[in-house]
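One chain, chain A, links the two complexes that follow: it is found with chain B in the first and with chain C in the second.
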Partner chain A sequence: MTKEPSRLSRALSDYPLIPLTLLLVVLVVALELLRPGIVNERWIANTIKFAIPLAMLAACQTLTMLTGGIDLSAGVAATVVAFVMATQVPVLGVPLAIAVSLIPAIAMGLLNGFGIAICRVHPLIMTLGTGLVATGCLQVYQRFVIASGSVVPESLAWLGTGRTLGLPNSLALFLPFAALILLAQRQTGFGRLLYAIGSNEGAARLSGVRTWQVYFTLYALSGVIAGITGLLYVGLIKAPSLSLVNPMLLPSVAAAVVGGTSIFGGRGGYGGTILGALILTVLGTLLTLVQIPEGARGVFFGLIILAVTAIYMRLTNQT
Partner chain B sequence: MTQILPRSPLLNAQGVSKRFGAVAALKDASLSLAKGEIVALMGANGAGKSTLVKILTGALRHDNGQILIKGQDRRIGSPRAARRAGLVPVYQEPSLIPDLDVRDNLRLGDTPVEPFLHWVSELGLPDLRLDAMIGRLPLASLRILDLARAIAAEPDVLLLDEMTAALPADLVDRVLTVVRAQADAGRSVIYISHRFTEISTLCDRATVLRDGVTVGDLPIEPGIEERIVELMLGAGVASAAQSRPPKPRPAGQKPRLSVRGLAAGTKLTDVSFDLHAGEVLGVVALEGQGQDEVFDVLAGARKSLRGTVLVKGEPAHFAHPADAIAKGLTFVPGDRAHALLMQRSVRENIALPLLARLRNWGPIAMAAEGARVGAAIERLQIDTRAQGEVRRLSGGNQQKVTIARWVAKGVDTVLLFDPTRGIDVRTKRQIYDLVRDLADQGAAVLYYTSELAEIRLACDRAIVIFGGRVVDQIEASAASDAHLMRAAYGLTEKDRATEKDGATA
Partner chain C sequence: MTQTLAKHGWTLGLAALFAALLILTKMIQPDFGLSGLDSLGRAALPFAFATAAMTVVVLAGGIDLSVASMMAVASVTGARLMDGATETEAVWIVGFVLVVGLCMGAINGALIVFTRVPDIVVTLSMLFVWEGTALLILQGPEGGCAVWLTNLILGGLTLPLLPEGLTNWLPKSVVLVIVVLGVIWVPIRRSKLGLSIYAVGSDPLAAYRSGVSLGQTRIIAYALAGLLAALGGLSLTMSTGIGEPIPGPYLMASVAAVVLGGVALTGGKGGLMGPILAVFVLRLVRMDLTLLSVDPNVTTIIEGTIMVVVVMFGGLLALRGRIR
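On to the complex of A and B.
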């Protein structure tokens, strides 16, 4: 039956963020030892600036993974929103362009919800498919708007790249966002149901949960979060393209997994994901500084993620 | 033929102890077993039974003490080592892979097919096909397959954990006969069960654990049950629960739940009964007579083919469990694993139905929820030492959590499917008391049980289902085991117009 956990692992599974925080500190110390003086106010602000979009996109993965799902269309949704917004600004003006641009992300989320809850397609396949469909649609859309050109609004650039009192402005978006997700996951009915469905969908049904309602809401919400991430990211990069956020998709999955969220559902939370995003960002910097070829860097990055995840799961008795 | 100290024990564990952190699960456990002997291992939940079993089967290592097998000191490091030492367990949960057929499962365990088929047939399943998918077989058949597989491995010691818990009465008899024959052929058996009738007919001795210590090692003789219960519970607690006098039913009261001509699936053909407020209605049936379907339909987990369900006189149709819950029908399934969020806390498990509706998706009033959950925990006396994850609780406490969920939500009509399966005497009594309590406060309870004695211990009235139909209806005080058993086999079929006999009181 169940394996009896040791005292250490029980403590760690009660406070799962402690080992992650320690790992983050170790990485920062290693960086400072490798290149003394690098860890300064400017570096910290830069790290946070790049970790925030990753952490936001990873919120899509965390929330869906709590139910045992995943959102592989999140990267595309973010890209679509950023591209639609930038191309609609010359036509509609900034506020309306932002509002209109979020519509495709919500539509993608509802399509995901439909496939997963009603047709019972596995989330991995469903969201992958939705992502591919949306990419195709975006290419068609591009033909029609090629003349209008694209504009990244000043406000988004300010949010994405600006700093106030040494801290990145994107914190003004991220802190309330993170607080909301952290609160929602434990202290709202919706959040609890995500854990419930991920632990035992049948039991949730028997307790009266209409799971399709949860899936539709969840994947639509994931689309909206991805869309907002896309808006922030295009403000950071300032150049919309047809694959803007797509490369961040797999790191966003990695951030959630490194942060201790189980891909099988029912365990984890957004707190770990934020640390996971910071860990991945710092690790990226660290590997850039080490004088090794690009390919080897990728190999190390992957191996470290695997090792961290394996050790962490063992420590918190998730096997 | 039995002695307290067996001659040259085949297995002899002395002074075994095991700690988990600060908790001593076993302090001084001893168990000895002679060749050809059947020993009952008994103890209330948390007494250390499971820990001792896990140590003997290599799933855990003991801290101190000695385990001699055939006189040799053996440290059983793994389940595989236990098998090599001749010790083969059959656990409560089936250990077959659902997505493979019977043949492939046998191949995985290197089980010889011919002897396996022989034993399956001996155990009452002559029609088993080797290409049957495990996932499609009923639980009772899986237990039989597990047992046949264990016997086919020709072990020296068979360890049977609640072997008969999920079995219908006819298969129980088969199992007991086969196990007895195994012992007569020189194999030894450690038999874990909560059913005294089986233990007194089958076992030679009983070893009783309490709080991690072996407190008794008794030969089985007539009247030993009370002595064992005393030992398990400690001094002062033991006395058999009394059956209650029949309860007069107020005339002219509309039933809480009326079921008429219900049919579903292939097994449930035509079931009708009334369930009144304040009443506990027992359901007796052999395995697979349609009782699962009755409960599933009433819980909204399965569609009916025919028939009507009236709740407080209003026709009701349940397309989803949420519909049934909205009408006040709450269901505790027979398998706890179907009801619980194993990795989540006791609190989240109990609060789950409170959050299910769309309008409760917003912020949770944490203090109010805490109070409600706390009251339910208090009322069911759930042991909250390991409340962080439900999977760490004992079986009895897990069962309490599944019921506490509906106590916290507010109970109207409860559908309990075999709620005391495989749990200890003390918890069983707590559940009987709770069921009585709920009924006294106006709840209506439908109570399926696989243990006939529970009809007298927990119910007011009972219906017997056989072949998908109600074949008998009887006041609990008059329901002898013999009567219920005959009815369950379809031997005393009465006229089914028994619904109109409201004037029995």
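On to the complex of A and C.
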């Protein structure tokens, strides 16, 4: 433990995005070698299209993980928003339906904030519980609206699946979103408070931070981001269901972790998460291309996530 | 006396809650008897083992997100091997599945100790790995189960020397849970190993300085969790007669029961009794709501609300204790 960090590892911990970018390039090259000609404009657009919802949902995990928390209700929140929006469109019209659908996500976030900040419940448990309650509520809600049917608005389908000049339209949503998060995490007081709380909550509290306000804002924000992800994702899939975004929850945690955000807080950032989401998406394609059974794909997926995280932590000296 | 009460207050409260719920069930459904208890016991069986697995790692200061996937692996391994096997061969197969569970858990633990990656991340990755393994063993729900295994949890208990009426009201499944967990956990709890698990969970540094081997204790705790998860998987096969490669909702449910059972997620505090009682309380609540012909979806809301309210209440109580 007293060993001086080598120059390489110091450089890597100063610029943690370099090894991730290298890994992404290696994966893409492997894909090209495996199936020459697959890496073209169309493939890139498709990869980005599927990586964007994952990266957005992973933003919830990144921001909460910076404070040492996690948001396991994000997947459910996204599903709820997507479902409520699709079923309310025939009744309320598109703009109002979108506005109404975000309300449950904010409510879930505030409930999370209340449990975590005021009652001091572990975020893992609190968000898990909120997710359970919301799933139940969604199932009951579904029986009331089953007659009205559901519509995915044209505008969301355009955003989710359309392409302009070869690039997916969802970039129009994602680029400002990512810029905002990247700017917020380093340049704004709120972003710095997240790092401060994650590094040492007691110290942050003693230096006058009202941690409960930060938690409320953070989890409500996480709910809103999850909600927007749900809207985008339903535009991509075009079929709202009761478990639409839920399967993306654990990959979103994985994307943040692979991207170098520490699950104990205070370390990492959204830049890594975006690369993490891209890496996971390319990895998914790679494993689909190789003709192996579905089970083996899961095994490799898990092992690669673990190996990447372990190597990455070794390289950047975060043990 | 008061000390024991204070120490086991949470567990006693849960037991009282369970008793109250049983009385309530009897009031809702006057002919609630063996068959009701029997179906309760069988429904609770996989949840009880999953919760026990989660409890052991949480006590050691960790968490295991791969519990449900390991159960799936155990279930399909058992079902695939027992398909067409004779009744005596099934005994060996059960032993084999338990060893497989032990190995899966030990692999989880070893990866956590040697890679030094946080436990949540390792077990999250292993969740995919075990899930994939289960799918490699069986593509869909199929396979078989030995008859004696199925009979092990069917109906009421009959002991050779006692009159049938004395023990018949007690479902075999409940007895199975109590006996198996008792045989596994009580000796461990009383030994040096049990003490080490609690020590590592409450303060790793203090444990290390008192000469407890951190890595070894962690690996053993995870291996135990794997063994218990394998038992949960076997009980799934026992109650359905087939193997199911897709993991059930046991991860979330086991975390909920652990928290309800008064085990601190930070590790080192609590016991196995509380979480198991919590499993039965949660299953009974679900059953009562079904008996009251409440929409099963509303039942999910109520279950989730109970969990959220209890953990918030528990958090506030802990906070008050700290301020005093």
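Rule of thumb we're sticking to: the second predicted complex is superposed on the first by the 315 of 319 C-alpha atoms of A that agree within 3 Å, B and C clash if a C-alpha of one lies under 4 Å from a C-alpha of the other, contacts with A are read in each partner's own complex, and residues count from 1 in each chain.
Assume a contact is a pair of C-beta atoms (placed from the backbone, for glycine too) under 8 Å apart; a residue touches a chain by one contact, two chains touch by 3 or more.
Bear in mind the structure is a predicted one, so any value in this text is a computation, not a measurement.
Novice: Decide which partner touches more residues of chain A, taking chain B and chain C as the two options.
Specialist: Comparing chain B with chain C, the partner touching more chain A residues is C.
Novice: Considering only touches as defined above, state whether A:Trp158 meets chain B (first), chain C (second), both or neither.
Specialist: In the superposed model, A:Trp158 contacts neither chain B nor chain C.
Novice: Just to be sure I read the superposition right, which of the two partners does A:Leu193 touch: chain B = first, chain C = second, or both, or neither?
Specialist: first
Novice: After superposition on the shared chain, which partner residues are touched by A:Val121: those of chain B (first), chain C (second), both, or neither?
Specialist: second
Novice: Applying the touch criterion given at the start, work out whether A:Trp43 contacts chain B, chain C, both or neither, answering first, second, both or neither.
Specialist: Once the two structures are laid over each other on A, A:Trp43 reaches no partner at all.
Novice: After lining up the shared chain so the two structures overlap, which partner does A:Gly202 touch, if you call chain B first and chain C second: first, second, both or neither?
Specialist: It touches chain B, and chain C stays clear.
Novice: Going by the contact rule set out above, which residues of chain A touch chain C in the complex?
Specialist: On the chain A side, the touching residues are 70, 111, 114-115, 119-122, 124-126, 128-137, 139-140, 143, 250, 253-254, 257, 262-264, 293-303, 305-306, 309-310, 313, 319.
Novice: For the complex, which residues does chain A have touching chain B?
Specialist: 1-2, 4, 6-7, 10, 13-14, 183, 187-190, 192-193, 195-196, 199-200, 202-210, 213, 217, 266-267
Novice: For the complex, give me every residue of chain B touching chain A.
Specialist: 20-22, 50, 54, 60, 91, 93, 299, 301, 320-322, 325-326, 331, 333, 337-344, 348, 351-353, 355-358, 360-364, 366, 388, 391-392, 405
Novice: Residues of chain C touching chain A in their complex?
Specialist: 63, 111, 115-118, 120-122, 124-129, 131-137, 245, 252, 255-256, 259, 265-266, 295, 297-305, 307-308, 311-316, 318-319
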